[in-house]
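Here come two complexes built around chain A, the first alongside chain B, the second alongside chain C.
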Partner chain A sequence: MIIFIVRRLGIMALTMVVVSVTLFLLLEFTPGNVATKVLGPYSSEEQRTLWLEAHGYFEPLWVRYFSWLGNFVTGDFGESVRFKVPVAEVLWPRLWNTVVLGFWVFAVMIPLSLLLGVLAGMREGSALDRSISITSIITTSIPEFASAVFLAAIFVFWLGLLPGTSTMTGGFDWWQLVLPVMVLVIYDFGYVARMTRASMAEVMTTPYIRTAILKGLPYRHVIMRHALRNALIAPFTVIMLQINWLLSGVIVVEFFFAYKGFGALLLEASLNQDIYLIEACAMVAVFVAAATQTLADVGYTYLNPRIRFS
Partner chain B sequence: MTDLVDALDTRGMVSSAVRAVSFFKLLRESWVGMIGTGIIGFWVVIALLAPLIAPFDPNTPLQPFAKPLTEYVNGDGIFWLGTDHLGRDILSRVIWGSRTVLFYAPLATASAYFVGILMGLAAGYYRGRVDEFLSFLANVILSFPVLVLYILVITTIGSSGINIVIAITFASAPGIMRIVRGLVLDLRNRDYVAAAQTRGESSWYIMLVEILPNARGPLIVDTCLRLGYVVITIGVLGFLGLGLPPPAPDWGGMINEARSIALAFPHMTVIPCIAISSLVLGFNLLADGLREISLRD
Partner chain C sequence: MTASTETPLLEIEGLCISYFTRAGEIPAVIDFSLTLQGGESVGLVGESGCGKSTVAMAIMQYMGRNGAISAGSIRFKGRELSALGRNELRQLRGAEVAMIYQEPMAALNPSLTIGAQLTEVPIVHEGISRSAAKTRALEMLSSVRLPDPERLLAAYPHQISGGQQQRAVIAMALLGKPSLLLLDEPTTALDVTVEASIVKLIADISREFGTALLYISHNMGLILETCERVCVMYSGEAVEIGDIEDVFRHPSHPYTQGLFGCIPLPSCDKNARPLVPIRGQLPLPHERPQGCFFGPRCDSFREGLCDQDLIPMAASERTRHLVRCVRWRDLPSERRVGKARPKTPAQIGEEVLRAEGLQKYYPVHDRSLSALIRGQAVRYVKANEALSLRAQASETVAIVGESGCGKSTFAKVLMGLETATGGELVFAGDDISSRPVKKRSQKQLGSLQIVFQNPNDTLNPSHTVGAQIGRVIRKFGVERKPGKVRDRVYDLLDTVKLPRDFYKRRPRQLSGGQKQRIGIARAFAGNPKMVVADEPISALDVSVAAAVTELLMDIQQDHGTTLLFISHDLSVVHYLADRVVVMYLGRVMERGTTAEVFAPPYHPYTEALLSAVPIADPDIQKREIVLEGIVPSALNPPKGCCFATRCPRKIGPICDEEPPPFREAAPKHVISCHIPLGEDKRFPTPC
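Coming up: the complex of A and B.
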């Protein structure tokens, strides 16, 4: 197990290096634009050149990369050209906001999708199964920006119940969190529900469930005690991987509702070619991807006794 | 010998023709797949007949901020779905916009499949170093938030139709590669592959002629799902202002342009959103129908 985790850490470090080099190279194609973005469209050529020189853009690529890398590993993420403050100062509060948003999405989505998935998979092909499956196909077909538009039209324009933006400028406001959470849950629950359904349906066909039913155990008892234990192993992995998906899934929602989170920050950094901010955000993203993948694998072996004891 | 090869070839063609017929027959049995095919067919017809059925020119400013069902004051006709902030007819823009999405979505998907299949075949067939390298590359790209990849690629190379195709290929090929690699690892130990190897066929012949046709089942289902996903992606790029440059009628772009006034004039954003969602739903329903059929066999 320790070897496995060390190996994963090694792969993660290697991935981080490759990703950060790629980002440096990608942004290298259009160096002049950064100065235009920072100084505005009416700045003179001379001002831009001076700015680029002052910020070290004329040094060779590898010098800049290694100085960034050296600072990064010691915890100095550099300065954001967009916000004109150290990257860490904008990154962590924004990440925290997204954690809050993500927490509520999962708090609503997990019970809902597991319940629907188990109900659908219990009796494969039943009317309940068909309607849950069709509902989940429909909700996953509506892109986030579309359901945001629909929900805003209903709850903001028509009913006037909820605020249309979630800037949270006057402190934390529960009402502003409702629409972003709803949009993400609607888009995401169908996928987890379908995975749960498939896993549940598979367990229901196994001999041990048939034996339990045939020996006359109450149906509730068979489902709760026998089927669920095995049926919920696969959804655990899926849910862990959804954390990684959520990190980029929030970009559209945060942009739409002007919520000050990680996704909106990443979008703003990319649009403004704010290299150090992009690098820091990308490193967070790679870390989350590697961590959730490893947790999913470790959890899977732990939950499945056949692998645990072999 | 030549006769035998010819005979085998004809038989292959006949059997694939039979398969195509039975595919439609089976699809008829799955009403979910039928509805999906119907929705996609609807949009394809709209796209093909766009010049004939669009009531107005999609890019001419006529009468700004008209609500749905308003009559055109300075001429003939009714704005069935209203007009946008510049006074362009929304129905006509939605109709012409279907051409944009139905052109770029299949193109981008095909391009992603071309790259993904070649990578997956090589990784699964050669294994070893090639596999390790390609799989690592795929993992690196997949550990990125996809949308950021699109934004960086598009802001670097500029926004145009072809660049959307390049960005989508870059971001989706690794996912396709993983699927193909898994299928190839399973198929490469079959007898017909061993037979071809004994005959002395080249590796690429074996991969493309012997292995790939046998892996097509799961790939067809995945193609439908991915087409739906690419339609969403093109919409998201338009929505973020990175899609086709204006004034080209583009569903995502329509939402982006009207976003700031959407709370006063919801029809400007709701209508293109319905168009995108329905097309994605069509592809997802078709994929579900096909999956159901392939499981039944």
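Coming up: the complex of A and C.
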């Protein structure tokens, strides 16, 4: 198990190095480009050369890569062109905001989708199963920008219950979090619920469930003890992958509700060609992707005794 | 519990079970009646699809959402089962009636420990405490003769062997102290020596606990060993019920007689008294004929008599022997063994295959930290070790042994799917031991072919039969022109006795036996010198298996092909092989002609295998040798004789320390054992 985890971490590190090289080559291969982006299109040739000189851009490519990588690892991402402050100062608070949003999305979505998925999968083809399945297909197929508009129309303009923007300018406000969370949960729970349903339905047809029933165990006991443990192994991986999805999936919602999160930051950085901010955001995204993947693998191995003790 | 004459334990009367599908009602069981007294053991035999498992599931009242009892009654201790409420039913299941399943691995929950799965039975049914339940589970594990019960309680199902899993399932069933035990093919998935020990255990336990048994099996020999009465089922009906001796000595229904004709009993012989397959195939539930369901396949069928009304069960003058046949009084009630029309034995030709000291090791990489530290990161599974054998033209050589003995590895090396790590393998004059299949010539490929075990998995479902065989013909370079290829496919279909219009069919339109015939046709497409048959009939029903066996042997004889028959079934091997190689842990234990291997002097392992095979003949007395313990890992085989850890005839420390010599009991009859040949104890040949 230890060796397995070490190997997975190694693979994760390797992935990130490969991505960082790709990213570096894509964005910083031609220094002239960087200077244009930083100094703006109206800067003179001389200004750019001076700037490049000052920032060590005339060093060989590999030297530049390693110093770039070194800065990255130590948390020095450079200065944001748009915000005129170090990237780290913008990035970390924004990321934290998205973590808060994501946490609440998961806190609502996971219990809801697992419960619905298990209920649907328990009796495949029953009325309950069909209504849950159809509901989840409908909610999953409505894109966030549509449901955001729709929910805002109901709760903000019609009922007047909730604020329409989530800028949090006056400090943290629970009410401002409700709509973004609601939109994301509605969009995502159907997918996880249907994965859970498929897994549960499969488990319910296995011979060991038949054994449990014919042992005379109460139905509750059969579900809670025998079915769930096996049925929840597959959705675990799916849920881990949802974290990764959420990081970019929040862009629309954050932008719509003017929530100051990572997604909105990413959007802003791209629109403004804010090169250092883009690099930092991309590396964060890659890190989250690789980390969730590793966690999913390790967790799956841990949950499944057939792999754990083989 | 003692047998009481007043209320039988189980009374099934006129039971009809149907499945309701979109296509309408499909009757699965029709007019089934059976009475079981306390402590009695009754066998339920029949081929797949005859409804025997459906009966067991109906007793458990577990028929799925679309199954229902449409008529008749099942009474358990006088209580009508279909009238029970959900809670009463729950209390009955597991406590009064318990079940043992075909696949122990699938029947156990993979993510709960054996202990958790055992203890919940008394906890739920008797409400005892966890620690008391644990004590009970430990006791039960020792009564099913599992060593080290403490360790077992903490183990997960995949960590123990198949035989141990089945013992755990038996222990689980017995923990509720049931008065009726339903066994649904409990040993079909197990090796023959494990099967023997499980069967013995079940018999001992039913005697000790006074449990009644309903034993479902397709294996007549097993039923003979375990049951007092037997019920033969065909296409949803019971066709014959009676005491075991009665039915086995005087089978009265033509189907029962037909079944006996399909079983390779020791009295059969492939040339003098070949098997008699039942013609035709089992009718689908919605295609059952009028009158007798067996009519179209029966040799004694009379028009106007057998095809009228449903046939009732008729009692014979012998007590408790019931037969569902209108003509049974006119027909002789006796076992038919073997056809009267003998075949001429084939002429054995020159040598085709020679293996000399063949060795195949698989490296295993251990990735645990402790193995890295100890420097044992790579170890070797010794799948084949010093394997030597010969095969001549027209000859049938059988390789027998239990799972993991290396017989399939040998087949893989032979076919070029693996390459040997040592030794020689000469086929038709060329050493092919290290030539993988991609480097073999067309001629070599075509002249060395294989028939696989599971016909369902080996045919491509999206291609027609004709296209699949035609492709092989082109690949082997037998024919190239489309017209000629098609003619050749037609020839092959004729050879395997299938109609020519199968050319356009797809595999899903064929039955298991028909698919296996296609598999045989494919193997013979390139006029092979040698065909490897890897358990070709073990996935088939008795009557289908008999037909495929006969077909395979006829084709082999016509083509003068060498057949390498890989099997774990000693009855079939005895029936069709000319020479036999017995393997254990990758090594040859004994080899010689069939007559020599199946007669003393035996290797102790051969002897144990022979005694483990159930034989459907009440006249044959067998000596009981039960092998205890499990097969050692091929990663770390015993230093001396690899069978020493389980050998019932171990003579001393020499067996553990020194590899046994190859002793020649007769020319070419080799036994690898430390026991000097003259001292071999003898007993009448059972098989």
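Here, the second predicted complex is superposed on the first by the 238 of 310 C-alpha atoms of A that agree within 3 Å, B and C clash if a C-alpha of one lies under 4 Å from a C-alpha of the other, contacts with A are read in each partner's own complex, and residues count from 1 in each chain.
The rule is simple: a contact is a pair of C-beta atoms (placed from the backbone, for glycine too) under 8 Å apart; a residue touches a chain by one contact, two chains touch by 3 or more.
Since we're looking at a predicted model, the values are computed, not measured.
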Regarding the shared-chain residue A:F29, is it in contact with chain B (first), chain C (second), both, or neither? first
After lining up the shared chain so the two structures overlap, which partner does A:R229 touch, if you call chain B first and chain C second: first, second, both or neither? second
Using the touch definition from the top, say if A:W104 reaches chain B (first), chain C (second), both or neither. neither
Have a look at where A:I3 lands relative to chain B and chain C in the superposition and call it first, second, both or neither. second
First, second, both or neither for A:H221, with chain B first and chain C second: second
Kindly classify A:W51 by the partners it touches after superposition: chain B alone (first), chain C alone (second), both, or neither? neither
Between chain C and chain B, which one touches more residues of chain A when both complexes sit on the common chain A? B
Given the touch rule stated above, what does A:Y300 touch, chain B (first), chain C (second), both, or neither? neither
Contact-wise, after the overlay, does A:A282 reach chain B, chain C, both or neither (first, second, both, neither)? first
Which partner chains sit in contact with A:P207 here, chain B, chain C, both or neither? Use first/second/both/neither. second
Quick check on my understanding: which residues of chain A belong to both its chain B contact set and its chain C contact set? none
Per the contact definition, I'd like the list of chain A residues that touch chain C in the complex. 2-4, 206-208, 210-218, 221, 225-226, 229-230, 233, 303-306, 309-310
What part of chain B is in contact with chain A in the complex they form? 32, 136, 139-140, 142-148, 151-153, 155-157, 228, 232, 235-236, 239-240, 252, 255, 259, 262-263, 266, 269-270, 273-274, 276-277, 280-281, 284-285, 288
Given the complex, residues on chain A that touch chain B span 11, 14-15, 18-19, 22-23, 26-27, 29-30, 133-134, 137-138, 140-143, 145-146, 149-150, 152-153, 156-158, 164, 244, 247-248, 251-252, 255-256, 266-267, 270-271, 273, 278, 281-282, 285-286, 289-290
Which of the residues in chain C end up touching chain A in this complex? 60, 62, 90-95, 98-99, 101, 103, 106-112, 116, 120-121, 124-125, 156, 158-159, 169, 172, 176, 367-369, 372
